[in-house]
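In what follows, chain A forms one complex with chain B and a second complex with chain C.
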Partner chain A sequence: MAVSDTTTAPMNHRRPSNARSILALTGPAYLWLVVTVLLPLAAMFYFSFLSDVPLAARDWHATLANYAAFFQQDFYRTLMWRSLRLGFEVALWCFVIGFPCAYVLAKTIKGRWREALFLMVIIPFWSNALIRVFSWTMVLRGNGILERFLDWLIPGFGSLDLMFTYAAVVIGLVHSYLPYMILTCYISLSTIDDDLIDAARSMGASRLTVLRRIILPLSMPGIVAGAVLIFVPVIGSFMEPRILGGREGTFLGTVIEDQFTAVFNWPLGAALSFILLACVMIIFAIFQPILRRAS
Partner chain B sequence: MASVTVSHVNKAFGDFQALSDVSIEFSDGGFYALLGPSGSGKTTLLRQIAGFSFPDSGEILIGGEAVESLPVEKRNIGMMFQNYALFPNMSVFDNVAFGLMVRNTPKREIEARVGEALELVRLSGYDDRKPHQLSGGQRQRVALARAIVFRPRVLLLDEPLSALDKALRLGMQVELKRIQREVGITTIFVTHDQEEALTLSDKVGVLKDGKLLQEGTPRELYERPATAFAATFLGDANLFDGSADDGELALADGARLRTLEPLARTGPVTCAVRPEKIAIVAADAAISSDSNVLEAELEEIIFAGNSLNYLLRRGDVSLRVFAQNRAAADLQPGQRVRLAWRAADTIPVEA
Partner chain C sequence: MKGHDCIRFLTLAVSMASMTGLAHADTIRVLNWQGYGTDEDWSLEKFEAATGNTVEHEYFNSEQEMLTKLRTNPGTYDVVLINSAYTQQAAEEGLIQPLDLTDFPHSEGLQARLAHNPNLQYDGKLYGIAWLWGVTSFAINTGAFDEKPDSLMELWNPAHAGRLGWRDDAVESCQFAALATGQDINDPSDYDVIRERLHALKPQIRTFWNSENEWNQYMSSGEFDLATYWSGSAARSKQNFGLPIEFVVPREGAIAWLDGLSIPTDAPHPEAAKQFIDWMIDPEFYVQWDTEVGAPISANEKAVEQLPEGAFNKQLIAQLKEVKSLPFMGPMSDETREKMLEVWQETKTFYQE
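Take a look at the complex of A and B:
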């Protein structure tokens, strides 16, 4: 047997079975992806060129009107800018709040305390998103928890009603997506050798210079990954804007949701979704050189 | 350039006393080795001098100026780290220029001085390389150039050669010594490698358990160790335990050894003898009157190329003797041999 193994005939026998086992192992995953992602996406892409939902009772034909609507009506472009701005601002606030937290977790705190603090970062992931958002309504509304707390802290503070404002949407989204930024920054910060920081200080660098020249550049992959992970879902988000923003919470995501659930204009909703997707891709294409350098 | 004075420095980490009452004078332009096993406090001492942590009590002076409460970035020291700690996101040029850049040196001067520093470490033309494109020895040179380019008052080296393989290490020892001499900077380096300490430095301090046991030139330390620890940590040593009797060392089995100077004290005494100072002599050989003679049983011969390493036993004491290859006699394990060495090579040490 050992001898025949070295000849070519048995080898040729084994090759097809090798291919078969590769197919058997990877097949289910690809099939799953095709059925659950690509097919619906393709169907949506098809819908986006129709004049109406393709049901038996309806009269429909192929058209570019859904895409044209976006370019003809200022309303959609304003919404696109609002959504992009929201995505940018949420990612920025997540960085401003999350990076120092990740730094402390990675560089200052060791052992059990780190685990405990990590748990506190992860907990938002465990709770239901809807409950999380509704609990914010109780904090942010007039005479709510935040107002009473500030009034207790600073007597005569007055009233503060953040509910149904742009700020409320940002607060809710930052809360939801902050863990992504903390975790990605933590990972890239913890790979920075402490000796690098010591070395920079030994050469006379102030803490600010160390941050600017060593820590930020070396943790850029984590910052960029976190920003992308936050930016993409936030510009399409509809739940937080709807519940916390009210009338102020109209973004492209909520309009798209409306097309599917309220107005029943799937073709327009699909067309707007693909325009949003195209926008994200264009942005990434523009920032590609920076992203590549960062990682 | 400046001298460094450490006086009565104490440092504890919780219950662990890392440094206790350490005082050392590092003279201007000298090359000083802090030698000790791991946990001896040598790295802690270096970090106090650098300013990464501060002593609980005691004084540290650099060039006569008290610095024990100044943080590292204000002390103007150059430091080279064990793993070199080059900035992976910067080129060789930017790494070396970093210390000048933070000092707001004009651009043209930075270029000139980085060029000089790279020339000094023989890495001219490597400006644009990234650290990951360099070999271990080249990274070490960049780290050294980076540490001295801004003309610090003191150069601190943490286990500078331990990450290199042996052939490179020997080359870098020579380089390091040449560069230190050319620059003339006060240099303090930490090592656990006794050979490195002896060959590189002009003064060595031996640390153990947070205390400075002994300091002196490499020769002094090697020839006249003050403690049994210093004798065995710096090179090899045979230790003879006995008691002082009439100025001589009386061993438990009745043999008597004369020492460097007649023993002034009484009671138990330990003496150290370097293995290469002992000769295995023929039974009928004439022995000079100032020599000690002992008999021992040869247990094993280890061939080490240029030398032979004899392991011997006398009672329950094991002994070692090193001999040059050319002088080696034809001996067999199990044989009883005569050992002889000069009384002056028998050094009383603290146990």
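Take a look at the complex of A and C:
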């Protein structure tokens, strides 16, 4: 009895201090999130229901017209589909290129070489996104680095004319977001026990079967996480389409940017942003069962 | 050290005041685009030496921002640059004060149709002093043309498919189409025709440009054969960057714009502000600015006359006398602006398909 008394007493004491330390440790992070994410988002949500920017000397009232505009104008829906298609294609290409790369990093290469290759994956992250996009303009433009290289490789290759096309936007975005896919896939691939693969091989499974039945299912959480991390920012992107896409670079993201910077119609820009957000949420809700099974 | 500086400053101030015969020197605050004439250091030094007044600047990035700054900071600014398409709106909101041309000695040289431009007037009173003007048209890469074109329809010429640079701006795009179809650029009557003209540009456009810097980059890397452009910027691209371009004034006309200098309603130093505006329309300032830096056309005819022979703006003004129509960008209702934006966004979406 005496023993149990002495053991429960300190535990009772510890509980409140535990809660306090949880609060002390997580509090700043949540406070930061509230101030930097939720408050501006709430302000934008409020703006999206106004008729004009609520500044002095401007008439404004509450309205649903900004949301209605999206459904009245066909071109907003066309642009929405284009943006979603872009997000899907960029995520797909990131998977096609990033997954083999992550596999090699996780399973084939060991030691210092792995570190060196990792560095090469991460280095683009350290440079400004704008610089990366402008570098692409030098590579892709007519008689640019890529065309000259191909012409040197295959004389008389001719012109690709990639600059200012949809393909140029995809190339630029895939390059920007590829590290996400490689890193998330690498993490889930490196947790797969090598013995599982060896066992499957010793029982006569072909390489393709191993990939299909063991590696892909077990690395699915990483693939899904990477795809989501890429899909969401890409559908709202505006800088890459504007610089690389030229005439073919109009997406919902660039139209939203126009509303904020060119015509000073924040309410409509905010409303379009929230419609985009709603679309993303609907897509995730539809794919929820698949996403949950995958992770 | 401090005391020493203080005495030096006082002596300087007193000697300057006695030199110019002024009771005291003011610091005036100017609201303008950055790098648009009023903030040239050499001119401000001379202005200070001549009048004792110093000049501080604040900048805006859009007309809307300029109006917002005037609304939210009354009693802060002494001089503000307002595009004449917005002067009436600013006057109507009570943001700027009426002016009298006789307070500005150098205004005698101003071109009459600019000095008394209806867009600078509101309720029968003058609210802005005409300062600079120019036209929006297009420029060609001389290497891509055997002969300089003289028609606006060159923009739609299939020979330049995929070689046209176009500014991504709703109002300017619709105004080009309005000009090409003979409509009022400030209030077009037939948007279907405008839409059809803009849709027809689809095979022509290489890419959109947004700033002068971008324009120079695209033109020098050979992306454009021809591109819409502003006359003042064309002068700079040619003179300062040595680009092989020619600015075209089409026979159908061009979109003209006029910038005026105004004084806000509660300007703290209205007298110094008037001196500064007069300084700005002085031919002496303009000639040096245009020859050393490059500028739009001065509203002061005497200033343009004093430019050296062969100067870009001198040639331009001669060409502009020949054109059929020179409509000025004027005040525009919110409905017109929104309609133009809608037509332009719909057109850009059409370009994707």
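We take it that the second predicted complex is superposed on the first by the 268 of 295 C-alpha atoms of A that agree within 3 Å, B and C clash if a C-alpha of one lies under 4 Å from a C-alpha of the other, contacts with A are read in each partner's own complex, and residues count from 1 in each chain.
Note that in this section a contact is a pair of C-beta atoms (placed from the backbone, for glycine too) under 8 Å apart; a residue touches a chain by one contact, two chains touch by 3 or more.
Computed from a predicted structure; not experimentally measured.
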Partner chain(s) touched by A:204 [first = chain B, second = chain C, both, neither]: first
Partner, of chain C and chain B, that touches more residues belonging to chain A: C
Contacts of A:196 with chain B and chain C, given as first, second, both or neither: first
First (chain B), second (chain C), both or neither touched by A:112: neither
Which of chain B and chain C A:217 touches, first, second, both or neither: first
First (chain B), second (chain C), both or neither touched by A:61: neither
Touching partner for A:248 - first (chain B), second (chain C), both, neither: second
Chain B versus chain C as contact partner of A:292, first or second or both or neither: neither
Footprint overlap on chain A, where chain B in one structure and chain C in the other make contact: none
Chain B - residues contacting chain A, complex: 50, 52, 71-74, 76-79, 81-83, 85, 87-89, 98-99, 102-103, 146-147, 150, 156
Complex contact set, residues of chain A against chain B: 193, 195-196, 198-206, 209, 213-214, 217-218
Interfacial residue positions of chain A with respect to chain C in the complex: 55-57, 73, 75, 78-79, 82, 141-143, 163-164, 242, 246-250, 255, 258, 262-264
Parts of chain C lying in touch with chain A, wherever the complex brings them together: 62, 64-65, 68, 71-72, 93, 168-170, 202, 205-208, 221-223, 337, 341-342, 345-346, 348-353
